[in-house]
Amino acid sequence: MLMVATGNRAVAEAVREAKPVVIAAYPITPQTGIVEQIAEYVSHGVLLSRYIPVESEHSAMAACIGASATGARTFTATSSQGLLYMHEMTNWAAGARLPVVMANVNRALGPGWNIWAEHTDAIQERDTGWLQVYTGTVQEAYDTTLMAFCIAEHNDVLLPVMVNLDGFLLSHDMQPLETVDCGDFIPPLHLPHAIDPQNPIAYGPLTGPDQYYKFRWDIERSMRDSVNVIGQTQAEFARRFGRKYGFTDDYRCDDADAVVVSLGTLGKEAEVAIDALRSEGIKAGSMRVRWLRPFPKLDLAGREVVVIDRDYSFGFGGVLAHEIKAKNHIDVCSVIAGLGGQEVTYDDIAGFIKNRRIGEESWFGVTPGV
Amino acid sequence: MLKGTSACAGCSSSLSLRYVLKGAGPDTVLVIPASCSSVIQGIYPNTALNIPVYNIAFAAAAACASGMSNAFRAVGKKTNVIVYAGDGGTLDIGIQSMSGAFERGTDFLYICYDNEEYGNTGMQRSGSTPLGARTTTTPAGKTDEKKDIDAIITAHDPPYLATACSAYPQDLFKKVKKALAIRGPAFIHILVPCPSGWRFPPEKTIEIGRLAVKSGMWILYEREYGRLAISSPSKAAMKNPIPLENYLAPQGRFAGISPKALDILKQRITQKIQRLTEEEKGIC
Amino acid sequence: MFEVRIHSRGGEGGVTAARLLAIAAIRDGKYASACPFYGAERRGAPVVSFVRIDDRPVRVYSQIRTPDLVVVLDASLVGVVDVLSGLKAGGTILINSAHTREFAGYRTCSVDLTGIALRENLIMAGSPILDTSVLGALARIGIISQNSAKKAITEVFTDERNVRAADAAYREVVI
Amino acid sequence: MSGRARLALSKPTTGAAGRTGSWRVFRPVIDTEKCNQCGLCQMYCPDAAIDEELNVDLNFCKGCGICANECPKKAIEMVREET
Amino acid sequence: MLMVATGNRAVAEAVREAKPVVIAAYPITPQTGIVEQIAEYVSHGVLLSRYIPVESEHSAMAACIGASATGARTFTATSSQGLLYMHEMTNWAAGARLPVVMANVNRALGPGWNIWAEHTDAIQERDTGWLQVYTGTVQEAYDTTLMAFCIAEHNDVLLPVMVNLDGFLLSHDMQPLETVDCGDFIPPLHLPHAIDPQNPIAYGPLTGPDQYYKFRWDIERSMRDSVNVIGQTQAEFARRFGRKYGFTDDYRCDDADAVVVSLGTLGKEAEVAIDALRSEGIKAGSMRVRWLRPFPKLDLAGREVVVIDRDYSFGFGGVLAHEIKAKNHIDVCSVIAGLGGQEVTYDDIAGFIKNRRIGEESWFGVTPGV
Amino acid sequence: MLKGTSACAGCSSSLSLRYVLKGAGPDTVLVIPASCSSVIQGIYPNTALNIPVYNIAFAAAAACASGMSNAFRAVGKKTNVIVYAGDGGTLDIGIQSMSGAFERGTDFLYICYDNEEYGNTGMQRSGSTPLGARTTTTPAGKTDEKKDIDAIITAHDPPYLATACSAYPQDLFKKVKKALAIRGPAFIHILVPCPSGWRFPPEKTIEIGRLAVKSGMWILYEREYGRLAISSPSKAAMKNPIPLENYLAPQGRFAGISPKALDILKQRITQKIQRLTEEEKGIC
Amino acid sequence: MSGRARLALSKPTTGAAGRTGSWRVFRPVIDTEKCNQCGLCQMYCPDAAIDEELNVDLNFCKGCGICANECPKKAIEMVREET
Amino acid sequence: MFEVRIHSRGGEGGVTAARLLAIAAIRDGKYASACPFYGAERRGAPVVSFVRIDDRPVRVYSQIRTPDLVVVLDASLVGVVDVLSGLKAGGTILINSAHTREFAGYRTCSVDLTGIALRENLIMAGSPILDTSVLGALARIGIISQNSAKKAITEVFTDERNVRAADAAYREVVI
C-alpha cells in the first residue's frame, strides 16, 4: 500500500508486519513516534505483541533479553541518551547471542541537551557485537527493519541488529512509503539456545580465562558469516518486493574521480550535490554506507575520498573516516559536519567535495584556533 | 541443587536456594543478577543448579524476568519465573527495575536473599547493611540505617509479600509455594546470615538466623492481598524478644558498635513490633 | 521541484497540513516529502514545516531556503518571523486572515481559516484546527487537485467537518 | 542445543566447583547411638551433604559444622582431618 | 616511602595524596581494593574527603559530576560492567567539561561473567571525550594517577581522565612502590565554570543545531591542547620525582626491525620477549602505548609492526591495530590476545613477533573455521 | 523566574516552579533532569531562571545533587540543593538514584512535580499515570495503578515529606521553606495538572488542581519527623469529598474510563483518606 | 566565567523563549471597575505576566485564561486578538 | 629470577604470605613481585599465588610455570592439585604438615604451621592463619633473611603473635 509516512511510522509498520512476541521500549525524542504507534497497534489489537512499558532503557533491553532468551521475537527502539543508558545491556544482548532488533533514532548527546541528528550515539556502540545499518529514506527504514529480523535471527548470525535513522531528518520526515505483505519473508525464529524449562542449563555463567575468548571469537565468526546472510537477505528482498539494497548505496560512483562517503540522510542529500557537480563537469560520486557492522568492503580504489562524519571520537577523529583509512589503506579528506543537527545542505556537500584536501580534517563551520 | 558448589562453608544463601528450588518445582526458570549466587552456581561448563538459570547484569534482574514472564505467558506457558537476587541487586542498583516490574504487575516471584552486604565483591556496605555494622567500606560501622525494602515493596501493593530466614527453611519452603500459586508479582525477602561477611564461625549460621528472629531484628510474616499474618516463629518472639545484644555479640561486624547506634536499633525493633502487631490486629 | 514553507504555531496543525499536502501530491501521481523543522517548543511557539513536490523522489533533507510558496497559518506570526524570507520572486503567499493582505512583489492569497474552523467547530485544546481546511485553499491555488486534497483528508481523518472546511476554504480563498 | 557453542552454557554437574569436601578442616562424625533421626542436620546442611539416611557425603561436606551445632542430641562431633 | 603494594593500593595511595573533596564510587571486582582502601582512609581521617557510598556506577559518576560542578576535586573508580553502566554519565562528564579522575580496572564484559583482564571496557569509552591512559606497573599506576589530576584540571584541558590498569594482573599484583610527598605538584583546582550560587547560570541547557557543534569542537580543541599539558606534566613529574613517562613506553625500539605495540601489562611482559628475541639476534622492540586519548604520534616508520589487542570491535577488528593503521598509514600484523584474562606469556609474545604476517589478523588460541 | 518561558500556556509546572524559587530564596542551586523543565527554562544562551540551574541526565538528578550537596557542605556552604524533577524522573528511571540519596541521608530537597505523564516527550504513560488515564502509550487507558511514591519515600523515613498542588501555591511556598529549614533529605510531591497532556482547556488548570484536592484524589499533607499533619485544604475535603467524576469529567484523558477502573480509583480514595485520617489520629 | 565558552551556559533573560505573548489567541482584559484587587490573578498566572499592580505584560502573557477563570469577581475578559 | 609458587585455600592467607615474602625480599635489597592468581572462588577453595624475586625489576605478569620453590600451606591440597607441576628439577618444596614428607627428586621441607597457629591462637573465622609463620620457614630455607622476614611481618601486622609464630616456624622447620 502506498502511504505517506514518517521514518518512525515506517519502522512501526515494519514491526507490525514482523510481529514480535514482546516489545519493550521507553520513549525518547525523536524516537517517541515509534513507541506510540506500536502502543496504538497493540491497544487496537492490530498487533498481538506484548508491549512492556518499562521504566528505563536499561530495563527495555533487559526485558528484550529475557524475552528473547525464551526464543521469542523481540523489538525495541531508542535514541541518544537512551542508547547510552542501555549500553551495558546492548553488550549483554550480543554476548548472549540474542537476535533483538532495535531501531535507533540518531540524536546528539548531552550536555547541552540537543535532540537533533548525530550519529555518535550509535557509533559508540560499534564495538558491542551488534550489526549496524544506517538508512537514508523512509522506504529504506521500513524495508531494512523487515530485513533486520531475517538477518538477526538467521542461524549463522544470532546477533542483535540496530537499524539507525537520523533524528527528525528521517524520523519525522514524511515520504511516500510502499508497505508490503511480508508473507513468509521472515521465517519463524528458532533460537537454538532458547530456554527450555525442561532442560536445566545455566546461561552465561562465570567463564574462565581459558574459555571466555572462544565465545568472543564465535561472535566475530558470526559477524563474518553475517556478510553472506545480509547479501542473501537483500537479494531475496529484491526478488520478492523489487527493491534492491546493498552494503552501500552507490550513486554515480562508477566513473567518479572523487567519492563522498557518509551515513544516513547526508548520503541522500549528497546525491543532489553530485548531480550539481556533474552538471559542472566534475566527476563525483556518493557512496552511502548502509552497513557499518559488519564493516563492508568499499570499492574506493583510485578515487579521492571525502568522508563526512556526523560523529566524532574526541582526541582521535571522525570515526567513519578513520575506519575507512584503516580498512582501505588510503588517506581521505575528513569532514566533520552535521553534529547536533547542524544544517548541511547539498551545496555544502558540493563544497566539501570541491575543496577537498586529502589527509586533512575540517570541522564544518569551525575555524580552528578561534 | 547439586552438591559441590563454590559457596563458602556454612553459607546460608545456598541453604535458602536449596529450599527455594524445592518449593518451586520443575517448571521454573531462575534469573540471577551479579551476586554470590552467580558464583555459587558454578563455573562454566558446570552448574550446581538443575533448572534453567539465566544470568543477567546486576541492575537488570527484574526487567529481564519481566520480559521472560511476558514471553512465556504470550505462548501460554505457566513456567515460574523467579528472580533470586541479593540485597545489593534489589535495594540498591536493582531497585529501579524491580519497582518498575512491580508497578506493571509482572507475573513473577522476586526473591531477595539478604546478607546485608555486597558479598560477592567481598563484604562492602549495601543499602541493606544495618546501622552500626562494619563492612569493608564502613570500617567504623555504617552510619545510615537499613533501607526498608519491605515497606517499599508494600507501597507497590503486590498480591503477596513475605519475609523469611534461612534458619527456618520449612517456613521459607511454604512461602515459596504460596507465592508461586498467586498471579502477579510476589516478593520474598530472606535474611541469610553470612559467616564470611558477618564474621562469625560458620557453624553458627543457623543459630544467628534464629537469634535475628528471636530478638525481633528480623520478623517473619506474610502479607497476602494486603492482609498481614505474622509467621509462627515470630509470634512468640514479638511478645517477648530476647535482648538484641544476644544477636549482635557473636558477630564480628558489630564489634564496638556505638551505644547510640545500638539504641536506635533497639528503638526500631520496638517500633516495628508495634507497627506489625497493630497492622495484624487492625485488619483481622 | 516545487517547494512550500508553512508557518504556524505548535498545536495549530502546521505539521499535519504539510503531511496532507504531501499525501495529496502523491495522490496526484507526484513525489513529495514533508518535513517539519522541530525545535523543542511547546504548544503555541512558532514552528515551520516544509513540503517538496517533484516528479522524481525527493532526496533533500535540509531546510527550504527559497520556497515557491509560503503558507502562513497564523497571521500573528507576520511581524514575529520573517515569513517572506527567501520566497522566490513572483512566488505565492497564502495567509490565514479574515481580511485580504498584500505582500508587494508576491502573489498573495488569503482565506479566513480560523473563521471556517470556528464555524465548523473544529477546535482542539482551545485552538482552532486549520490543517485540513488549508488543503482546500491549496487546491484552489493549483498546487494539488481538489480531488486529491479530499482524498488526503479522508485518508487521515474520519470527521466529515474536515472535508467541509476544505471545501469552504476552496470557495472562500481570495486570490 | 546441538551445534556449536555460541555462549557459555553450563550443564548440571555434581561437584560443579570440584570436590569441595577437600576444603574441610574438620569432619562431622555422627554417633548413631546418640542420634534420634530427627533429620535436622540434613535439613540445615547448606551443601546438601547429608542425605535422608544421614550419610555424610565427604566428597562435598565442607566441614562447616552446622550439623554438629544444630544437632539437638549433640550426636555429631567435628573431628580434625588428618593431613 | 618504599612499600609493596598492589595496583589498587597504589591508586588509593595516589588519591590520598591528591585529596579530592568528594569521592563517589561503587565496588566491583577487581576494582574493589581501591574503594575499600579509600573508605579506610576516610574512616580513619587520613583522608578528609567525603566518600559517598552510592548505589550504582551511574550514580557514582553523577555524584562526581555534581560535586565537580561546584569546583571540587573528585575521584571515582570502576571496572567493566560498572563502566558500561555509567556510560551515559561518562559522556556527560566530558560534555560538562568536568575534570573528574577515574581509575578503571580493565576487565572483560559479560555474559558469561568474566572478571579477568581485558581492555574492551575502556576501549568502548574512547569516543566520549575522556583522556585515557593505560599503565603497566604499580609504580606507574601511582604516578599516573597523580599526574591525571594535574592534567584533567589544567585550564587548557578541563576534561576527565581515565587511568586504566589491568584487572588482577596489575590491580592485584604486588610490586615495590615508592610513594612521594606530592607537595604543590597538583595545583589547586580552579574550575572557571564552577557553580557560584550567587551567579545565576543554567548549565548545559537545550542547545540548538547552530550552537551545539561549537561546544563539541571545544572538546576536541582541548583534547589537542592536552598533548602539551601531558608533555609538560610528565616532564615536571620527572623533574620533581625522577621518574620519566612519555606518551608511549618504548623498549629497544630505536634499531628495531619489528615493533610490538600493546597496552597495559602486556607491554611490560613484551619487554621480556624482546630481550629473548634480541638474544636470538632478532632486532625487535616493544612500544607500550600509555595515552590512547589523545591518540599519540607513534614513531613506527620503517618497522614491521605487530599490534596486540586485548579488545575487539566485532565486525571490524582489533581497535588499537586499526587506529594505528588509520593514523600511521601503515599495515600491521594484528593479534587478538588476552581476552577475558587469557594467559599471554612472553614466550607467546615472542611467537607473535616471530610469526608475524603483516596485513593479517589472528586470534591467539583460535583456529578459524573450527 | 523570568517571563517568557517556552512552557505551554496554562502550565502549572511553571507556576509551581515560580513558588519553589520564591520559597527557596537566593542561595540555591536547582538540579533538573530531563523533563519539561529542561525545556521550560529556555534555550541556550538564555534562561528564564535566575538562580544556578544544573541540567543533568534523566536518571541522575538525586545522585548529582548528592555530589553537589556533599561538595558544598565539605567547604562549609549551606547552599540549598534542590532537585526539580518530573514524575518520570522520580518514580521510574530516577528511583534508583533517589532511593540511594535518601538512604544516605543526603542534605537536599527533592521535589517531584507530578503531571502524571512524560510531558516532555509528548504525554506517554509514566509510573505515576493513574489507572484508566489515556496517554499516547496507553491509548485505551492505563491498566496499572499509580505508583505510590509517597509511601515509598516514607519507607526511607526522611525528616520531611509533603504533598502539594499547584492550585495551592501559598501552601507549596510554605512547605518549600519548611523543607529547606530541615537538615537531611526532604521530599515534596506536587501535583501539577497539565492542560496539554490531560486534555483540558488551559484556563482550567487551577480548577482541575482544586478538584483533585476536593475529590480526595490528591491529598495535601506533610510528615515532619514521622508526624503527619493534613494540610488545611485537604482537611475539609477529606471529610466530605466531592464526587470523583467532577474531577475526571473535564479531562480528556479520562474520557470513556471503564466503570471498573473508576471503581478502583474510588476505593483507593476511600482507603487513603481512612489511612491518613487514622495515621494523623494515631500519633497526635 | 571569562574566557572561551567550554559548555553551553545560559544567562537569565526575560523572554528566554522569545516574546511569548505572540502565542496568544485571546487577551485578558481587566475591568478595573469590577476588580477588588484580591491578587488571585497575579498569584495564579503561570507566566508571571501580571504584576503586583495588576498590569498584564502582553509581551509575555500567553493568553491561557487562568486569570479570567480564577477571578472571583469575573473582572477579566478574554478578548480575541486581532490578526 | 627466583620463582615461588604458593598453594593454599581461600582464607588461609596464601596471598598475604606472598605479599610478605615480596616485602621481605625487597627489604633484603632485591626486586620482587607477588601475584595471586584469582579465580572467583570463595573461602576454602584452592588458590595459588606467585612470588618472583630478582635483581632487577620484575616485568612478568603471566603465571609461573617452572617454579624454583613450591610452598604448600595446606597439605590436603596434595592430591587435589598437582603441587609439583613444573617444579624445577632439584627444586624445593615447603609443606605445612605435622609430619615430615618426601617428594622424590626434590628437596622437601616440612613444618607444622597449623599446629603453630593453633598454639598461638592465630585463628580467623574458624581457620588457622598461616601467612606470617611461613615467613620464618622461608627465612630458614634461605629465601630471605630472618631479619627481613620479621620486618615484613611487623610492617603489616601489629600483633606480636605473628612474629612469635614465624620464629617458631624458623626453629621447627624440618629440612
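Order of writing sets the labels: A, B, C, D, E, F, G and H. Residues in every chain begin at 1.
What we mean here is this: a contact is a pair of C-beta atoms (placed from the backbone, for glycine too) under 8 Å apart; a residue touches a chain by one contact, two chains touch by 3 or more.
All figures in this text were calculated on a predicted structure; none of them were measured in a lab.
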Going only through chains that touch each other, how many steps at minimum separate chain B from chain C? 2
Give me the step distance from chain B to chain G, shortest route via touching chains only. 2
Most remote chain w.r.t. Chain B, using mean C-alpha positions, is C
Comparing B-H with B-D, the one with more C-beta contacts is B-D
Gap in Å, rounded to a whole number, between the CA centres of chain B and chain A: 42
Chain A to chain F, mean C-alpha position gap in Å, rounds to 38
If I count partner chains per residue in chain G, which residues reach a count of at least 2? 7-12, 17-20, 23-24, 62, 65
Could you list which residues of chain A touch at least two other chains? 29, 53, 55-56, 58, 81, 85, 88, 92, 95-96, 110-113, 115-116, 199-208, 211-212, 214-215, 343
Return the residues of chain B touching two or more other chains; collapse runs of consecutive numbers into ranges. 6-7, 9, 11, 38-39, 41-45, 47, 49-50, 55-57, 59, 91-93, 95-96, 99-100, 103-104, 127, 195, 201-203
Between which chains is there touch? A-B, A-C, A-D, A-E, A-F, A-G, B-D, B-E, B-F, B-H, C-F, C-G, D-E, D-H, E-F, E-G, E-H, F-G
Please give the residue numbers of chain H that touch chain B in the complex, ascending. 39-45, 125-126
Could you pull out which chain D residues touch chain B in their complex? 8-20, 23-24, 43-49, 57, 59-60, 62-66, 68-70, 78
In the complex, chain F residues that touch chain C: 6-9, 11, 36, 39-40, 43, 195-196, 199, 201-203
What residues of chain A sit close enough to touch chain G in their complex? 111-112
Any idea which chain E residues touch chain B in the complex? 26-29, 32, 35-36, 39-40, 43-44, 53, 55-56, 81, 85, 110-113
